[in-house]
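Consider the two complexes below, in which subunit A is the common component and subunit B and subunit C are the respective partners.
Showing the complex of A and B:
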């Protein structure tokens, strides 16, 4: 059995809003799981239900082999890092970290040892006697981490802990969190709406949408084999291009302006005449000057990113973006596009489910 | 580095702007205070026709009067009890009201609106409630075998004055405590919930310390209230009866000065009160305020 298990958890708020519509998850010992999704999709609700700060409407939550959904938060052996740190403003850094241990009856010597060890690991030793108000944002973040670490809980929960930091500090703390989690080996659930944070931190990603799980998988899996159009659009910047198309036979797509595109033979996954979305990542498409290109593209604006360039335009009256390593200005705005046939994504038009392998 | 000193040319206009304010303070605060100080060293006849300098005689008379000393003792006891109870009751109510999920605003309104009653009006209402012939409270207490006679028994009178004073002050404290509780961040409370299982322990280690600035502010407000603002209550409820046992220092100033027409003695009492306020202010700034902030 895994370190954390959610079994068909439903959460309906008092106002009738259903924030979790039957979430099931199985998380392995020592795993770093990231919950990602747009704002309001129920990530925090899921995390807070695990923590016990929110009661669940139905379903079960197990930590290790113990059912915890009826236990108060302090009994679940969980530590949580909040977005705004939630440090106790009237206590010193030392007491902030020691508080949870004191309440669990550790001896003063034990507490001192644990707190000092954590402080050393987080480079907080010089600040132990300060109050949170006298610390910088990054230091407060580390105190919040320390407060979670000292208890050596079975599970760490993080609710967007980096979103209050500036960009460079966020990058640094992201690495630090990953390094700490690796060295401590504590099972962790991390919530974020930032896809880069999600991709870089996760052993496995859970993509949520409107209270439901869209897909679970490693960062590579979810990026290269998105199971739904939602996941396809959510991960990657710029987002994946999705072109409405109709299948002709098994190996040709007809776009809405009538142009035909050859694709690898799809065999039994699809039927002749089926409405589909053709998904192409901006970096998997390239420009060609030859007239016998596969897709007609009308260029509109370009954006310089330094390493690469973005070129935005239209294919069959649908917005379409390219990420090119090199692009020189041209006289014409009409181009042809080629793509790697192995890098195409096909989704059913109605259900949004992936249909190709 | 040489510091550059900016010199504004002096214009009399700013001083003109603060003249009205200063004039009000001078006329309504400093002048009466100085007048009281002056009168406290004088012996004046009741008609104010003649007066003579008597040095500290008024003060000597004051502090050798057992009546004044017992008023002093009563005021201290009464103020402490009123302060402790109105703070305590309000804190309990605020914590409970804050924990209610449904209909919270109704509770808050019900607990708050006593605030809007003027002290004298509250005193008159209480007078009827506690009246031996028509009031409900004596009847209620009598049914427990407590022969409640606030007009003749000084313990009963004291209990009544304290009860009404507390009742009148609780809403003020309640509102401030509730605001203080609401200002404690939700995530701090949640973090504490994960760190500490016991509700009462969490209250004393997290909630209460975070309320300390509010509580200290209210402590000062409540002592001031019990000392000065209960005048209206006492005047309508007991007028210091029975036998001066419910007379506070402020009420005695009024009694001796306006009813007894002994201006010198009354002024000496005012000066004593001023010194007490000074002391209170000093304690507030020097000692406690520093400790309750974080």
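Showing the complex of A and C:
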């Protein structure tokens, strides 16, 4: 039985804008699900609908065995961590965490026990009597998580909780969130626009675009087998290179400047003459000197990343980037590229859908 | 640099002297006898009578009966000022809370109706207001003094603007924390509004304290006289052919100034403290 189930959820705003165009999701007990997508893709609306902060136009939301989409937020047995933490500025850390329990009629002894346990887990014990204004960003973040934890809800919702932190702290809190979620085993839904955050945290990723789900899968699945050009471009930095091409026979691609590339036989998935995108990850391509039947590449700019180097240039007048572990300056701008034929991605030119296995 | 600073300070001192000089004149004169004031005019230096006039102002009554002593009138004024300020804050906060946080039909229209009452100050509506209060039998009562003046468009507007700056997530977090509308208001909004409330209290207390026309209309019993009215009464004995006790009147004016000054000083500290502490 799923811990959270969304069934064809639609949200249309009064101005006619459709933020969710029929979202269906099934989340397992204890799973860490990450909703990721560009701004305006509906990921926050989805999260807020689960929380009950946003009413839905049609569809159903179930938490455990209970239909919740008509229930007020407090009755849904969920807890949420907000982007700006939304701590009550006039209350101490202790009271911030205790407020929800107090309003649910817990006894003072119960509250103290729960808050102290959470504070211990989050290393906030020394700060319980401080006000949020006297805490650092990371500490506030932990208080926000503590406030969610003390209620022991069925579901944690995170709304871009790390985006207000600086880079190093974000990394640290990312690990901490993951560790906490593992040890508590609470089903979690996490919204972010940061693909690294999404990849590292998720058991499963949901990539959203324009109110629709593009793909659901483990980080490995969505990275190595993106189902659409959108997912292919969205994940990975630099993004996947997409070259417009026409299929010749079943095992050759003709790029727009006429060069031919051999690819593994695609059998029945494609038709001769079909327009496609050839997708190649920057790290799956390497430079070579023997230029026979390979891709011609014109180098323009290189960027040093330390461990690797990025080399930006063009293939058939389309921008193309490489991520190389070793690259020395050359006299020439013209190179040939070679790639592992197993690491190619083919998408239909019109629909953007993946065509190869 | 230094000269500029000196110049700045000179301007400030001119301002201070300009504002305080009349007050000093009153104070200095109040320590003289009535005869000296009548013969020689206002006095620049303190006289030999000390604070005798203040004792008289506080303890003896000016009117026909013995009820309206300075002390009694000060208490009346305090009741009026505090009732006025607290009442205005409570009503304005409730109105602003409703306007900002509830989806009510024609909220904007309602707000403009509230706002347009700024065009109808007490002086314009004094006859109908009096009629209403008198029909309700509230003449000569504290309720009658305070209630008709208690609605405030200005305060409502300020609180409305303030509530709009409170992050939406606080409301949402409170919703998740099972706080109903009433709890959110009491537990979250009211404490967050402390500084606003202090600022409003300063302004409204002073306005309430300085009310003159309404108490004069409203009160015929001396038990409800306020100190601002009292000052006038000390001087109006001229009509009865008596010489007004100017020193007592001046003393009363000084006394009447003290509570508003105290409120400003007291709440200003609180106000600044609140500003420093409540950061989001």
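Rule of thumb we're sticking to: the second predicted complex is superposed on the first by the 356 of 357 C-alpha atoms of A that agree within 3 Å, B and C clash if a C-alpha of one lies under 4 Å from a C-alpha of the other, contacts with A are read in each partner's own complex, and residues count from 1 in each chain.
Here is the rule we go by: a residue touches a chain if its C-beta (ideal position, glycine included) is under 8 Å from a C-beta of that chain, and two chains touch if they have at least 3 such contacts.
Only a predicted model underlies this, so the values are computations on that prediction, with no experimental measurement involved.
Enquirer: Given the alignment on subunit A, is it a clash or a fit between subunit B and subunit C?
Expert: Subunit B and subunit C clash in the superposed model.
Enquirer: Thinking of the overlay built on chain A, is A:73 touched by subunit B (first), by subunit C (second), by both, or by neither?
Expert: Touch status of A:73: both partners.
Enquirer: According to the stated criteria, A:130 is in contact with first (subunit B), second (subunit C), both, or neither; which is it?
Expert: In the superposition, A:130 touches no partner, neither subunit B nor subunit C.
Enquirer: Which partner does A:90 reach: the first (subunit B), the second (subunit C), both, or neither?
Expert: After superposing on A, A:90 lies in contact with both subunit B and subunit C.
Enquirer: Between subunit B (first) and subunit C (second), which, if any, makes contact with A:193: first, second, both or neither?
Expert: So A:193 meets neither subunit B nor subunit C here.
Enquirer: Who does A:225 touch here: subunit B (first), subunit C (second), both, or neither?
Expert: neither
Enquirer: For A:53, is the partner it touches subunit B (first), subunit C (second), both, or none of the two (neither)?
Expert: So A:53 meets both subunit B and subunit C here.
Enquirer: On subunit A, which stretch or stretches are contacted by subunit B in one complex as well as by subunit C in the other?
Expert: Residues common to the subunit A contacts of subunit C and of subunit B are 51-53, 72-74, 78-80, 82-84, 86-90, 99-100, 103, 131, 133, 147, listed in rising order.
Enquirer: Subunit B touches which residues of subunit A in the complex?
Expert: Listed in rising order, the residues are 14, 51-53, 72-75, 78-80, 82-84, 86-90, 99-100, 103, 131, 133, 147.
Enquirer: List the residues on subunit C that touch subunit A in their complex, please.
Expert: 167, 169-170, 172-179, 183, 187-188, 191-192, 194, 277-280
Enquirer: Where on subunit A is subunit C touching in the complex?
Expert: Interface residues on subunit A, with respect to subunit C: 51-53, 72-74, 78-80, 82-91, 99-100, 103-104, 131, 133, 147.
Enquirer: Residue numbers of subunit B touching subunit A in their complex, please.
Expert: These residues of subunit B touch subunit A: 101, 185, 187-188, 190-198, 201, 205-206, 209-210, 212, 294.
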